[in-house]
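Common to both upcoming complexes is chain A, partnered first by chain B, then by chain C.
On to the complex of A and B.
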């Protein structure tokens, strides 16, 4: 990997099983297995077929984990994505209800997401001195506000013709839901782009040190713009599939998604300060949280208890690097003495 | 720069700009609808937004240290839900005791935030995001799929009932206290020092960790207070109360000129920022804009204010540069 991106100053590092296990991704894979064992113990109906059937409901958020990882690696943050889901979901319903054919519905939804992303991106790149948290806070309120206006007094819209959007929620060969395949393909593309292409590596460069990336010839603002546009596009994918599974949208569609998605990324080892983490970690972390939700739902655990578990996991995950650093420091001090 | 005239000082300050926006807004609304400036309306503006205004004070302190706290409405729900349940089952009925319980719980929640952020060196947004989930979940656990309705909290709701002065007194006391604290106490100046340059503050003998912990504890305490106030004003306690409203509090601070990178912001600015958001919410229906457009207008104002700020800053920088070249 290092050789391809032209940074091969050091010799290739030897990858041993022990080293792999002690990376964050290795730890997550172990946790993934443990969570599955835990799930099988607490729920009788936690079988592969059942999980496959229940997964699509939660999987729509996974679309947003991928570009959110890009944005976090850049050292930015985008908290407007939940509102983009709401806005694009609402638009999809209206376009479909107006009798547009299926491809037009999808294109309309994606175009809306693209526009939202372009708006976020152009504000972020024209005023780089503003923290992205503030600009996306503004657009978060505006996007949901537009959705609220278009939804009117009732505050919700449903598909007139649910048959039309059925292709999104069908299953291939009656077992594998379409959404899983779509997520899989897009996830592979996003991972390859982030880890193996020049664009992906320049995201890391910007996240580590914006100024030095600029002087190394990286077009910082262009990269940020692309990341925001991708974020808008993927949020609209989420809106598309979410409404296909819930048969409509309302003013609270997608509320709080932004924080859930950021939580999955951070739990996956992507630092919110930028420049650190891999997309593979983010995807595994997202899967862990999804599977926990399914199993706890099956076991009739108070559905809000999952919030406590997710929160605790998140805090433990971000505390571990600090604790490890302190232990290493103490070891060094002891060795010096 | 020492002999800067008073006039320039006034026109150059962020608070003056906000005040001008407020006055223009007030005149505009009054022309369109003369009933706006009635004591009843003004009173309702403060009462309906007392929670945002109180929590904005804590958020100001947190943002002065270059942090952010998005767990506040979860803390609010946890504390509010607990006292709602306590009074529903007649375990505690004294209003003062309930307020104190809520504040102690908020204090504990805030201290947890502060400890992990200061000692664990965790990014504030991530740590508070974790607690946002934990405390919200705890609110549901405490509620045990029940909620306290107006009938259950009747005695407690007497305090914040429409027409009582309780919420106003709390509001005034909080603002006076924080104005004094941030301007004239050692602790208040320490907060500014830590936010402007944490490393310099540490070297000059300020205990940065303790300052951070205190700031988040204050934030939590205010969130707990707001939780009790919320139960009292709205006469109900539900686990999902004020869900997602932490962004309103942050928006109030941002409009009020509090910098997210720390060290800049004032109580007066925060107050004006919160007031602008509150007036928009109240005034839109009065000037025949449907209230569903409220959020869009609010978002546009946030963006306009922050972008305007950046543009003026750029102009000032350019002017300074030109002066130097001469």
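On to the complex of A and C.
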């Protein structure tokens, strides 16, 4: 496959253990192990039980890493997701406080996310020439605006019937939070769909070269639409679980999530220019960032320093392919001379 | 081959960043991390306290003798907490008000032999506070004192902490009754509301338009003070001439507060007074008013050190007087009540009594929300006469 796709989408790849280790994902797995060793050294409290207990808040963001990978592979971006989290979280509280039974609350929340996704998708597919960064910036402001209007002057809403939403934040056998299992199942589905189905390959094809994908018979706009709708849906999952953990929503709910999610994807090797990366990389990268933040927090490293570290990781992840390209170029020049 | 280079580069760079990044938290960690020895585990918490120990003397310098005496007195009073760890979680980092609070808290706890863990979330959101508190539960601290960014959102997390045997109190901004054992209130809500509305009445000359420049729209205490101001204004006819034109939100960010103050001035040409019940908002508004030589007067709650150059009775100054309590005293009260909770002197029930070092005896009263609270005292007025004494204090 020509074009800017560095990763071949040719199915006939020979996979050997050595090859696997020297892919981005392989490097991430090594890094994952290194990070864990590092974490155990800096924090006495870095135990399996503690990590499991601290994970859920970060895992809520993992819901959004999955469809965000689709959107990035397409060469698009969606920065409205933090606002969708805020809006759906707010609606969840209002629906429940109005006396609705729990299944209706969940359906209402997911429906709201779906609608947000449909709005994003419709705009993106109706005006494909517009950069998605700008259109979703617009909807980001609109969605948060709607949430803030409905939250009113107080700026926050409490989930009154806390017993009702507790099943989402409980732990199976008092150790394994339910959210882990839910994330796991959805992550497997998303990974399989992206890496093994025709739809998944269409996404890579579109991200590599939209025009050639179109002439090869891929329904470009339909694929983009589906990706945005999935994004909205998963953002509402995040909103739902976040509500379960905070018993409410406020105007800052989900603030900055879009950038954290995009950071996890990019660190996982999913290029924002499209056509590159795998979801497995994104998930491992998400876990690495999460575990690192947990351990640094336990070691009482101040929160700004944690941001700096995560930011530095991201820059390095983005720079490495560039540096590699420069080195290759210099080699070529030398060979020519 | 390419991949090999990539992955080696990545791993090396990563390891380097981790070590370098961690070193930022204190000199001791820098040595500890590469060593990867068991010693590192002990070094990490110790490293965190190093910078705090440096900060403390700055404030303690003057009343050093008092502090020493106080520590001795407290120790004999049976409030020795050696080996116990007390955590303080503030709203966000970079806020001078909470810097003072942290200093006061640290002074009391360390004076009684305890260890302090400071958590300053990177953003003023509940999400950030939840992760900080979760981390404290993992560390197994003995007590958590939190200034909450939202009244209800910390409930699940703080209940988890209390289930784990950790004593939880809050100061400055409360959490709901189910999430706490007690609340150290800087001033009764009505007392602050009364002081602010009286100041507005005084500065406006008895009638006219005024506006409020607040923090975020969901800031718990700002909202309750504003509500108190409104209800006091409605309840007494002497405030009938006042008109509240807008409550603007500067989100406790200097730039946004400045923009909001400017917007208020251009929207309401007849505006007489701006009341900013937040330290960031009042400082931003003071600068706007003074720079523009506006006739609009300012009052509210502000830090003396930040407001000193704007406080004055003449027209060259934008703020004739303002109020605040001592954040350091408030945090000291939080520290003493944490010690009392950890030592089992109080349980958080209304009517419990404890001695807060040299601050005297305090009684837990009904907070009006089903939980107990401890009121520090009435707000303190800073005016041209006393600002010079206070501006170097905090």
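Please note the rule applied: the second predicted complex is superposed on the first by the 315 of 337 C-alpha atoms of A that agree within 3 Å, B and C clash if a C-alpha of one lies under 4 Å from a C-alpha of the other, contacts with A are read in each partner's own complex, and residues count from 1 in each chain.
Methods note: a residue touches a chain if its C-beta (ideal position, glycine included) is under 8 Å from a C-beta of that chain, and two chains touch if they have at least 3 such contacts.
Predicted model, so just to flag it, every value in this text is computed and none were measured.
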Worksheet item: Once chain A from each complex is brought into register, does chain C clash with chain B or fit beside it?
Response: clash
Worksheet item: Now for A:256: first (chain B), second (chain C), both, or neither, which partner does it touch?
Response: both
Practice prompt. Name the contact category of A:266: first (chain B only), second (chain C only), both, or neither.
Written response: first
Worksheet entry | Which of chain B and chain C A:156 touches, first, second, both or neither | second
Fill in: chain B versus chain C as contact partner of A:312, first or second or both or neither
both
Worksheet item: Between chain B (first) and chain C (second), which, if any, makes contact with A:236: first, second, both or neither?
Response: neither
Discussion item. One more residue to check, A:123. First (chain B), second (chain C), both or neither?
Written reply: first
Practice prompt. Scan A:304 for contacts with chain B and chain C and give back first, second, both or neither.
Written response: both
Response to the item:
Between chain B and chain C, the one with more contact residues on chain A is chain C
Worksheet item: If you stack the two complexes on chain A, which partner ends up touching A:134: first (chain B), second (chain C), both, or neither?
Response: first
Worksheet entry | First, second, both or neither for A:148, with chain B first and chain C second | both
Worksheet entry | Footprint overlap on chain A, where chain B in one structure and chain C in the other make contact | 148, 151, 153, 255-256, 302, 304-309, 312, 323
Worksheet, complete the sentence: Touching chain B in the complex, chain A uses residues 77, 79, 123, 127, 129-131, 133-135, 137-146, 148-149, 151-153, 255-256, 259, 262-263, 266, 271-273, 302, 304-312, 314-315, 318-319, 322-323
Worksheet entry | chain B residues within the chain A interface of the complex | 68, 70, 116, 120-123, 125-127, 129-138, 140-141, 145, 239, 243-244, 247, 250-251, 254, 260-261, 290, 292-300, 302-303, 306-307, 310, 313
Worksheet item: Can you name the residues of chain C that touch chain A in the complex?
Response: 2-7, 9-11, 13-15, 17-18, 21-22, 24-25, 29, 32-33, 36, 40-41, 44-45, 48, 93, 117-128, 130-132, 134-135, 137-140, 149-157, 160, 216-219, 223, 247
Discussion item. For the complex, give me every residue of chain A touching chain C.
Written reply: 19, 21-24, 26-27, 30-31, 34-35, 37-38, 41-47, 50, 53-54, 57-58, 148, 151, 153-156, 158, 162, 169, 242, 245-248, 250-253, 255-256, 292-294, 296-309, 312-313, 316-317, 320-321, 323-324, 327-328
